[in-house]
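In what follows, a structure is listed as structure tokens, so that the remarks can point back to it.
Going by the order they are written in, the chains are A, B, C and D; count residues from 1 in each one.
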């Protein structure tokens, strides 16, 4: 293994709060080891199109607290083809980039895995996604910020729900997973949480609305966008139909969940794995995602990391129910 | 005029942040003058149904910072009828309430006006609505909080818009008025603001997307829900149709705009008018809304206050345009 | 009057949230009129030392929501001397700057006034200070953000004060003025507000602690740093001495009051006056501060604007007292 | 073991955000199992003085999002004596409380341990302290909120530090521990973190200020209140003395760190352990603290839990240094 001289760093897929903190950590740690850093803009698209820029300590000043990604992100169909990856590798060579740090989720690592298999370039991945659905880390960068954004929004909705004795159906992100819904549901004192991983939630809710406590002045139901029932509008329609006497409203939280200043936890996580990514590249690691498991840095091969982790703590669903009784 | 002994206070119509601060001010000021206070729950509905409770200093402890209304709010069809108002007055007499402070908007004061005309009871109104659409006050209680909630949400959306070079269509509240849209549009650096009060906004936006600056990495368009074009979904549809190359997304902010901890401005406004309401009743005022105009307490007869004030500072629309160029 | 071709913009004195929004408005409005803009860094110090940079539309992208000032600020002793101002003017000429927009407070405008009297250069001032102590505008840029920062902090302090039945003495900014203390005092439900403008506050507080309501579970006293009694530590010492049975704590809010994302009100104000500043220069105005009075743009000669406006609404002190009874 | 019929719940020691969420979980879970709940106010003081009140589902409505503790907290010297504990037990018997859930920190569990040893009453502890210094749980309730409060404050301070090229010494809580300082230091991009657990920090900072990068426009140093150097004022004095050319300021964050709406993480943690506490009492556990270790509920005997856990991840100190280079 020859020594690494120039690390390329990029963000790819849906952006998540804390990506900037991760970029900063990669840049500063590399420079500390006298390794150059090249920022690659717009993920794999920019990698192919030659959007490269050298980064120095100043490039990442005063960004640790900012949402989004200063390197921008994009989808790239071209990179899914062998020709696209060939072009990408050609550009990397041309720009003298000899190692990569990829910040993103499942799709990002799938691309990184292929590139690393087809060409001789070490790549380390960092888990940047609000969905928290990756194997190999307890939490992904952005998840904690997203669930806090959700509960802050629901706290506001609760204020008006309480004032008017209303039932709110609130949709949160999570196409394949109820991880955002479940934690934010517990934390916002939700009546029920409807998620893709479990069925029968809606009937349980109906049962409760019919037979449960009548003296509650507000009720919040959290629905993951990927729920089988079809999202908050559809759930709202069904509830209104069956319970016309409830004053039922629907709210879709949408893209506010992707932005905002990262929480302390997300900044610390991003800083730790960004630091560890450079150390790992120096130590000869490749084709691995770096996460934090029970407080310790962990290394997971891309092929395992991209298997979505949709495991739920089933006890938590029970807690939602009992605590809102 | 006999001396007032027991003031009833209630909130009615859509709730707004700062209503609790207003209730607190009414209760504390009345007690200071040795006047009793009766809380009437659920607005006119509770006034008819007898939801009365005596309030003391402790009743309003630690609520100045809370969104919503501890007295709750509701719509009442019954109160729109003379029979309903007769019942209400009967209940007021029975509970020895001899004056009222009504916190709400246009509908609240319309009801108060009728009650005050039909029965001998002095009523003072306080402007509690996020819409800022009342004559007789520069700002209504809750407006400042609502526009801050909007810009905080748009700041988050901006993060992700910047990361992905996207155009976002964001819908804010305002069925008849663009007042929320206009200020939040300026403050969030929006590309354009589409409001009921002006026409041709959409064509101006189209023109700009076609001929304007091409190097912007994000664009935010704020749409008032009452805009002629039909809300954000419809505007989004039209933009996507005409500009398929823009990555366009729609976000409806919804009910988060009604809740949340009130801002300093809303708390001060609510405290001042709540205090002034009791002083006004003592001084023999009746059938007036109390507001603040250029820093001074003002008194406006209900019949004028309920004429919606939808006047926009037209210069502001120009500012939105020029500052986002 | 020859036509203006290049406007220099700078921030000076203590920074305040919203200054960036004002810079953005000046730059974008000038470019709209095909006037160049030069950013001058570090206020008068940079003006003398030649810290000039051309600004374009991109220079002010995505800054409307940021606290602080991208142009930085500094104190300059040199500029207080005729020689310093001569050097400054020489640099302005050299950089072809033929008009100025100065964003700051009393000291900033005093400097601008002198420069404009000694040399032929039109200068417009914008009120950027958290202190709200200028004649010629209802509010200064940054004041609204500062008082919201205060009440958010006091809301947190209230939580722990309530839990432990404590009395907190909280010091806020305001060396010469109680304007921050007074509004934030009303809005945070303070027991008392001690400010430079009034005397006897402390005795009133003592009287109340001795004879007032005993069932309160928390008490907050807001002290302006410039109060005669000597700040929160001294007030705390006196309270502890006289009322050893109260569990009294002191908190100095300090510099958090200067930073943070500006509120909607501050962003709108900054955008409006920034826009108006360029229009005013075009129309031949000079040596004036631009403010907003009762919703309308106003123009005040520097010599009047720098007379500190420390007028308090005396009724407000009474409201603090009565509402916390 | 006879069946539990009435659980007493109390909060003791310094309050922390999330205590209310824990109380809510205990109450709702107990009622679900048809166990009565008695709220004991003001910790051990109220336990002795008879401040007991029955709690129902409504008692804990709408509190999950509130800082502080609705049951209040207090110190009790009397409870440290055998006579005090005897009185407490007498009151518990009198109020038919046959099991306890104690929410607090080291002192709280020390008291609980003694009471449980001297009298036959099962007690379960929940880790409620912002200090995160307990054995038996990865995080304590309130820690995550506190470190987020710190970074939000430092973000504001950073704004003004950047504008004026200043060095800020910021003091955070932590009498015996640098745990708050360390994480918030990483997350706020601090230059250095001075904590009780390590020595030589100050010299390292001096070395860096003398020989390090000169082009930084702001510098933040986080000091734990219990640091050997003597807190932020003393550190500030030393820095000013040695580096008079730096514009150095000191800020003490103080009690804002104890309050505020709990974060999602704190609410989920509090809900989970509150739920588990009742289940544990039902299952015969006693004299144990319940925590969450790597996502799973854990049980730790009081005598172990009260041994302060001040272990730091030493790698983190290195990360602070390298990432701020």
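Assume a residue touches a chain if its C-beta (ideal position, glycine included) is under 8 Å from a C-beta of that chain, and two chains touch if they have at least 3 such contacts.
These numbers come from a predicted model, not from an experiment.
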{"item": "Chain whose average C-alpha position is farthest from chain D's own", "value": "B"}
{"item": "Averaged-CA centre spacing for the pair chain B and chain A, given as whole angstrom", "value": "36"}
{"item": "Between chain C and chain A, distance of the C-alpha-averaged centres to the nearest whole Å", "value": "39"}
{"item": "Centre-to-centre distance between chain D and chain A (centres being mean Cα positions), rounded to whole Å", "value": "28"}
{"item": "Multi-partner residues of chain A (each touching 2 or more other chains)", "value": "155, 158, 162, 217"}
{"item": "Each pair of chains that touches, named by its two labels", "value": "A-B, A-D, B-C, C-D"}
{"item": "Chain A contact footprint on chain B (complex, rising order)", "value": "11, 14-15, 17, 19, 66-69, 72-74, 149, 153, 155-160, 162-165, 168, 217, 249, 251-252, 254-256, 258-260"}
{"item": "Chain C residues within the chain B interface of the complex", "value": "21, 24-25, 28-29, 31-32, 57-58, 61-62, 64-65, 138, 144, 147-148, 150-152, 155, 158, 162, 183-184, 186-189, 213, 215-218, 261, 263-265, 267-268, 271-272, 274-275, 293-295, 313, 316, 319, 322-325"}
